[in-house]
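Structures incoming, each one as structure tokens.
Shared chain: subunit A. Partners: subunit B in the first complex, subunit C in the second.
Our next item is the complex of A and B:
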């Protein structure tokens, strides 16, 4: 098992998994079912945790293990569970109504990925850095995730799917952080995790309230004031 | 020369004999996953054998296209089977631009199948043909994009050369663009073999059928050839997927030991892919027909991204 020590092998596996995360993200753009969107997010987070674990293994950076375990517990376990419960409680399982229809959104997601690649390329100066940084491919995927997450937030009307967009946006940030810097200081990571957790909880309650007040999760109704 | 012929004979025999078995395995696996007993694994052989001995009815309106179609469908599928590396890296029929030949041979078979559906003169046949063409209009370019991604990485359009490069580089051949290409080709595989989110292979009693609608008027030996041809096409496409994206275990020579080991690897990989297909089929509902182009659009984007990202890096 000599290749298990070879850093290039780790690099390959990480870029492959990052590509899989991207595949899932594009698939999520075309997804109509809320529950499937949540599950796609869970699988994505699981892959991110695995990527973090592999980076920790190949770079002997033990503090990234903590980030990996936290991702696994929070983003692949707790948050999807919470969101699915929310979906069950407000009894809207079906239909995410996008502003732009599915084929066009997928096309836009594809274009955003290209933008991600082009941007990532300008960060790539292998001759300047002495430390061998992780594949710029991973950075490209991270930027693409970020952009597509942002696009999902803009494109969807329902508050819950906007939360999902925010979460995948955050996944992109996490991927960029661990692939560029081999992990930020643990305190920063912890801060971000709890930020996201609290944000989703608050948004979840907000979604529930919006639904109670307006009989719908459609945020465009928030424009009208009621007595 | 005789070595060539021996290779071709061996691979042809493998393609023709394993294809119905694969269909049987998929059917049984699917039944088991749905808590049914399901047919015997060998049922597809029995069906083909039974149909071959029966008489047949040919529609009055049919021209020469109707009887020619089963032979063309069968022959193109079997020919593609000779061009794809199955157990060893060098396929018996390896040629420059084999990638294109594979795509277009399959397209030829499909073209005649659609014509045959129209030629029978029943309204169902025409419906099926029109649907098949709608789907293949997106599925075909996607398939090319996906295979070209691998061809670019191996810098050859010869399928045998591609397999050789992939085997010699081992895991260093893996690239993220291939993950995208795999996703694209997997969706195409499902669309082309008429599996569930796109078409339901288990019934010919639905208004939504595609493949079954085209072959509705065929009976007896012709139907046997078409069914056999369809299962060969399925085998060939699955082989293409497993051996271009997961080429490990391909034998580099045609010795008995290498072939035995290669066959073992090959059957394992195919079984795993069959499990994946069965899982997708059981957990998904059939899509409304006008939603199918959306699904194929996703696969097209994956294919295009795969190809472009190879160029960007």
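Our next item is the complex of A and C:
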């Protein structure tokens, strides 16, 4: 069982999982069903929690365990549950005419991944770092997640998918934080989790109210306020 | 200890108002809490001036002149808004605004008011936390907190348009702030190498500022761009300003005034903290050019919308975009004068903007519309007080002498000249003049003109006292700035220029 102590092995596992996270994100871009989008988000969050746990294990950084557990409970458990309940209550299962069709969206997501690699390359120099940091693969994946989340929010018109886009954007940030600096200080991490939780609740209430008022979740119907 | 009280008072007032349920009690709790808060803020200002920065809990909370100034302005705005809110919501209640949406059941005004009076203190709490947090991550958490607490203020009236405005506000704000979080993470990373700690202190501003010169430069560059986009979204600088007109025109007036004069300062405060780090790390040039670009863009975007505006509350929002542009521009011009001009502008803007909102609120409640065309003009006949105050506030906010915004805009102009930006200075003046004329034409048409023959208003004591009080403060500040306040402003400017 010596390989369990080998940091090299940990890095490989993390890179593999980060790749899976990216694949899931691209799959979410082409997804047409709301419930599956939510589940993809849940699996993605589960992988992130696992990545955080592995980093904590190989670097003996106990505060990352807290972040991992919180991610597991909140993002892989509580939030998907809440969102699925919301979907049931407002009785919408199908997304969803995206503005750009699925194949083209996936192509764009691929391009954004490339952009992520280019950006990550530009300011990542591990040889100067005193602390051993992860390969730039993880950082590139994080930036790609951020960009693809952004693209999802622009591309989708249903209020709930925009919330999902925002959440996956946040997942990208989490991955960036743990891969760059082994997480933010614990207090900050807790604050961010709290904010994400409250934000989803607030947005959930808002989605519900919009659904009641407009009889639709289509954000493009929100167009009364114009100059 | 004083730092703790500054946070406890608003944090306790929210739940207290929530459990008291009865309207007069909720109003009293809000008024008392914000009055105490203003006293505490003044005490903090005095203490900072006397003994330098105050900190608590191992530097977890930290207040220097810059924080003290923002805390003071925030609590001042909160107090005047809470005085006005009493009259404003009583008027709403009498006119059955709340019943209309909830199917005419009696007493339904109270839950709505309860929502307002218990969320507002929490909103103020997060604004105070923004200024007092030493940790840049906590600063981000607090700014996100202001968004979350104020989403409910924007959707307060529950109209379709309010929901739309709230959605835009929450989503655009959320995306903007996630960029700011990315910027914060990158700042942490770029400092990581110099500081090499995984501890809490690694994100403390008071620690970072001493070591900023050793940060990793390419990372810091990207971090500052993300921070500028992120906190710029919250401050409503163009092109991330699109949520502002909607949110400001849908929120109830006291809430909108707090967004315009409170959150704006907090967002700029966050930006200034990172500006200091970035200019120590990269030299002032990099940040300056970006700030000047976004500042002028905001003024330029606000201008046409002010000129052709049909809705006076949206006009106030564009004025706010214009002013955040001016402040960002002042920071971009830099130098001791530019920074001083920025903080003067922040101070004067925070006392002037609420008055504009209050007058607009009086007009809207009286004429039952927020469109210039339907409001019909002739305000001065039926509402002499609000009409006169509206004109006065218009002059004050567009920077006409002797009002104090003239002083700050003039200082900014001098900064532009002394930094050698001649063309930009001319452009700055041109924007100011054009916005002044657009604003004045609209408001003069609204206030002056023939009497439309409506019954006189301006009877509510609460609304009158807040309008008159604020107008007096504005007039006095035009001629005399209290010496301690000015020293606080100078202290804040000193922190930006010298880093300490």
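Definition applied: the second predicted complex is superposed on the first by the 224 of 227 C-alpha atoms of A that agree within 3 Å, B and C clash if a C-alpha of one lies under 4 Å from a C-alpha of the other, contacts with A are read in each partner's own complex, and residues count from 1 in each chain.
Convention: a contact is a pair of C-beta atoms (placed from the backbone, for glycine too) under 8 Å apart; a residue touches a chain by one contact, two chains touch by 3 or more.
Note that the structure is a prediction, hence the values are computed from the model and not measured.
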{"item": "Three-chain arrangement built on subunit A, subunit B and subunit C clash or fit", "value": "fit"}
{"item": "Which of subunit B and subunit C A:137 touches, first, second, both or neither", "value": "first"}
{"item": "Angle at subunit A between subunit B and subunit C, C-alpha centres, nearest 10 degrees", "value": "160"}
{"item": "Partner touching more residues of subunit A, whether subunit B or subunit C", "value": "C"}
{"item": "First, second, both or neither for A:202, with subunit B first and subunit C second", "value": "second"}
{"item": "Touching partner for A:117 - first (subunit B), second (subunit C), both, neither", "value": "first"}
{"item": "First, second, both or neither for A:214, with subunit B first and subunit C second", "value": "second"}
{"item": "Minimum Cα separation, subunit C to subunit B, after superposition on A (Å)", "value": "20"}
{"item": "For the subunit A and subunit C complex, residues of the former touching the latter", "value": "61, 63, 119, 122-123, 128-131, 146, 150, 153, 159, 162, 166, 169-170, 173, 176-177, 180-182, 184-188, 191-192, 194-195, 198-199, 202-203, 206, 209-210, 213-214, 219, 222-225, 227"}
{"item": "Partner subunit B, residues of subunit A touching it in the complex", "value": "3, 8-9, 12, 15-16, 18-20, 22-23, 26-27, 30, 102-103, 106-107, 109-110, 113-114, 117-118, 121, 136-137, 140-141"}
{"item": "Subunit A-touching residues of subunit B, taken from the complex the two chains share", "value": "171-172, 174-177, 179-180, 183, 293-295, 297-298, 301-302, 304-305, 308-309, 312-313"}
{"item": "Contacting residues of subunit C [partner subunit A, same complex]", "value": "135, 137-138, 140-141, 144-145, 148, 151-152, 155, 158, 160-161, 163-168, 170-171, 174-175, 178, 181-182, 184-186, 188-189, 192-193, 196, 198-200, 202-203, 216, 218-219, 222, 245-246, 249-250, 305, 314"}
